[in-house]
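The structures come next, written out as structure tokens.
Common to both upcoming complexes is subunit A, partnered first by subunit B, then by subunit C.
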Partner chain A sequence: MRRKKPALVIAFASTAHAMRVEAFCAAAGLPGRLIPVPREITAGCGLAFKTLPEEEAHFRTVFAQEGIEYEGMYTVDLWG
Partner chain B sequence: MIYLDNAATTLKKPPEVAAAVVKAMETMGNADRGSHGGALAAARPVYACREALKELFHAPGADHVVFTQNATEALNIAISGTLAPGDHVVTTDLEHNSVLRPLYRLEAERGVKLSFAAPDACGHVSPSAIEALIRPDTRAIICTHASNLTGEVIDIEAVGRIAKARDLLFIVDASQTAGALPIDMERMGIGILCFTGHKGLMGPQGTGGLCIGEGVEIRPFKTGGSGIHSFSKTQPEAYPTRLEAGTLNGHGIAGLGAAVDHILKTGVDAIGQREEMLMRRFYEGVSGIEGVTVYGDFSGRRRAAIVALNIRDMDSAEVSDILSEAYGIATRPGAHCAPRMHEALGTREQGAVRFSFSYYNTEADADAAINAVKELAEG
Partner chain C sequence: MIRVDAMGDACPIPVVKAKKAIKELGGSGVVEVLVDNSIAVENLTKLAKSLNCTAAAEKKGEAEYCVKITVGEAAAQPEVGGEACYVPAGKKRIVVAMASGKMGEGNDELGAVLAKGFLFALTQQEQLPEAVLFYNGGATLTTEGSPALEDIRTLEAQGVEILTCGTCLNYYGLSDKLAVGGVTNMYVIVEKLTGADLVIRP
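Presenting the complex of A and B:
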């Protein structure tokens, strides 16, 4: 049976910022993938980056070092 | 056909451009609309193209590269999105109608005031001629990097220094130079760089854009679908979404990305030097022919790969038509959407025949054009 699990979801002000994170994480070997923004974060649409909750501190550090823009990081229970 | 109308559009593109467009048409969903495989297959090449253009023009970030249909749309966005009622603008007589008409419209609708730096006898506009027109109410300097009629280059690095010293917004139309002459937004102090994808960048028609400097605010020209913040009544603030309402030309942008990658690999200097060599070869061949008048300064200054000329008092349209029909040489006659430059050169009635070269032209193309001009001049 499919169960909800906590995920770290990173939201962005622009899709270009989301695409930068996807490209950066792929190159750096960081886990995660792009998903539609869950309603717990914002109503509407758009892309978010879903990754592991335990990686939050690491992502915050790396993003600050690299000057990567994002709107917020949230831990949300998601299916799958 | 010997194609020498590359200032209008480059006909021959790097082979990977068409391949990228075909692949995009077979694989792309809608960039910025969802996260399924098709949507990401569109969003990734679009983003890669932003990165490539950022590198080419030294823009502050890939998110500050905004796509439009062409340079005209980019210039309309830049000009109408930054000028306020009563602002004064310094521009030049070298400008294309894609700069002039948006400015004339704001002159009529918002009371924007315009001053035009005039060219010297060779068609050249010096930075000091631009500086001399700056007033206390000047808000922006808007100028082309090179005349689309004669190929005269404006020293935008010097103009950028002037703009920075006077705290003015500097908008550059790079339609004739992007891909062939070095452009460094940061070093040149460019606030907004407007470009088209289908000329020197050798990408598909229907692509272009603007690169926005750090801290430059542009009001949206259009609003609409953005793929994010759907319940907001206003366009999202973040670049590039702020200026990109509606579905992008993803297929074209994929091709443009391949073209810019090709340019980065080949090198802007190598491309520019080849184009300049062909242009100067043609100039040397025609400039001494009796009855031929060439416009512009060929004394050694850097120029775009354009040679505009007339043969005696022959109508430029007729000359261009004979070149096409009898010699299979494609050129552009008439006014080239550059009315003030033609006024300055005294060619309003006659127009001029413009020969413009690309990286893919050959020495044989230039020589064939020289011989054709020679025969026509001999009558």
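Presenting the complex of A and C:
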């Protein structure tokens, strides 16, 4: 069954920063992965971190604690 | 009457499901198949014709069609297997060749991120490729520990054939680490590449 479902997409200012964030999240056990920035989002560099929409508050807290900068968080419908 | 939900299914799954339902019917009756694209409607109509059945299609929504196949006494029983994807003119047979675990040349770390990103973006396309071939360094993408497994599994679930070169798995010592799709050989790789309208090598 091919259906779109909402995903939380976090945009960053640079590709290298996006890659560092993915490595950090993997090490910290935070769910998600890098994807090419969906066309709906115009902010940030070409790569974005994709995770579950319900994780938004968690990511905002962790990013604030760790001083991780990001351009924006968006909910986008993607093919599951 | 048997109702079949084939919404979201890639070719040839709607046809396979319809055949199964017609078999289940075991005689005359009606099979209703719900699909989300006009190509599936066309393929189901062709199936009905080939079995001496009649088909009526109704557009129910922007991406929702109901194909009603009426199976009469004179209908032939469908043969399972050998379903071809009747791709209408304009639709290309696309094969993707992942010749490396990296996309492009320059920086390998970035190349690995780009390869993963490419496979994700592939899952987001309206038209999916017929097959994705993984050979040489590409074989690392279909094996345990690959960051692209989730996307490759998504493609496989949509009916995209996932094939990894057996020689390559053996060379890299990954023969028992294949995590998605099947193992193939050079003859099949050549057939897939020569049979395609379009070969994408990112």
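Please note the rule applied: the second predicted complex is superposed on the first by the 77 of 80 C-alpha atoms of A that agree within 3 Å, B and C clash if a C-alpha of one lies under 4 Å from a C-alpha of the other, contacts with A are read in each partner's own complex, and residues count from 1 in each chain.
Throughout what follows, a contact is a pair of C-beta atoms (placed from the backbone, for glycine too) under 8 Å apart; a residue touches a chain by one contact, two chains touch by 3 or more.
Bear in mind that the values here come from a model prediction, so they are computed numbers and not experimental data.
For the composite obtained by overlaying on subunit A, subunit B and subunit C cannot both be accommodated without a clash.
When the two complexes are overlaid on their common chain A, residue A:47 makes contact with subunit B and with subunit C alike.
Using the contact criterion defined above for the overlaid structures, shared-chain residue A:36 touches subunit B and also reaches subunit C.
Within the superposed three-chain model, A:28 lies out of touch with both subunit B and subunit C [touch as defined at top]. The wider contact with subunit A, measured as residues touched, comes from B rather than the other of subunit B and subunit C. When the two structures are aligned on the shared chain, A:3 is found in touch with subunit C, with no touch to subunit B.
In the superposition on chain A, A:64 makes contact with neither subunit B nor subunit C. When both complexes are overlaid on chain A, the residue A:79 reaches subunit C alone and has no touch with subunit B.
Touch criterion met: A:15 reaches subunit B and subunit C at once. Within subunit A, the residues touched by subunit B in the first complex and by subunit C in the second are 15, 19, 34-36, 47.
Interface of subunit B with subunit A (complex): residues 31-35, 40, 43-44, 46-48, 50-51, 62-63, 227-232, 236-241. Across the interface of their complex, subunit A is touched by residues 7-10, 36, 109-110, 113, 116-118, 120-121, 123-124, 147, 150, 154, 158 of subunit C.
On the subunit A side of its complex with subunit B, the touching residues are 12-17, 19-20, 22-23, 34-37, 42-47, 69.
Remark: subunit A residues 1-3, 15, 19, 33-36, 38, 47, 78-80 touch subunit C in the complex.
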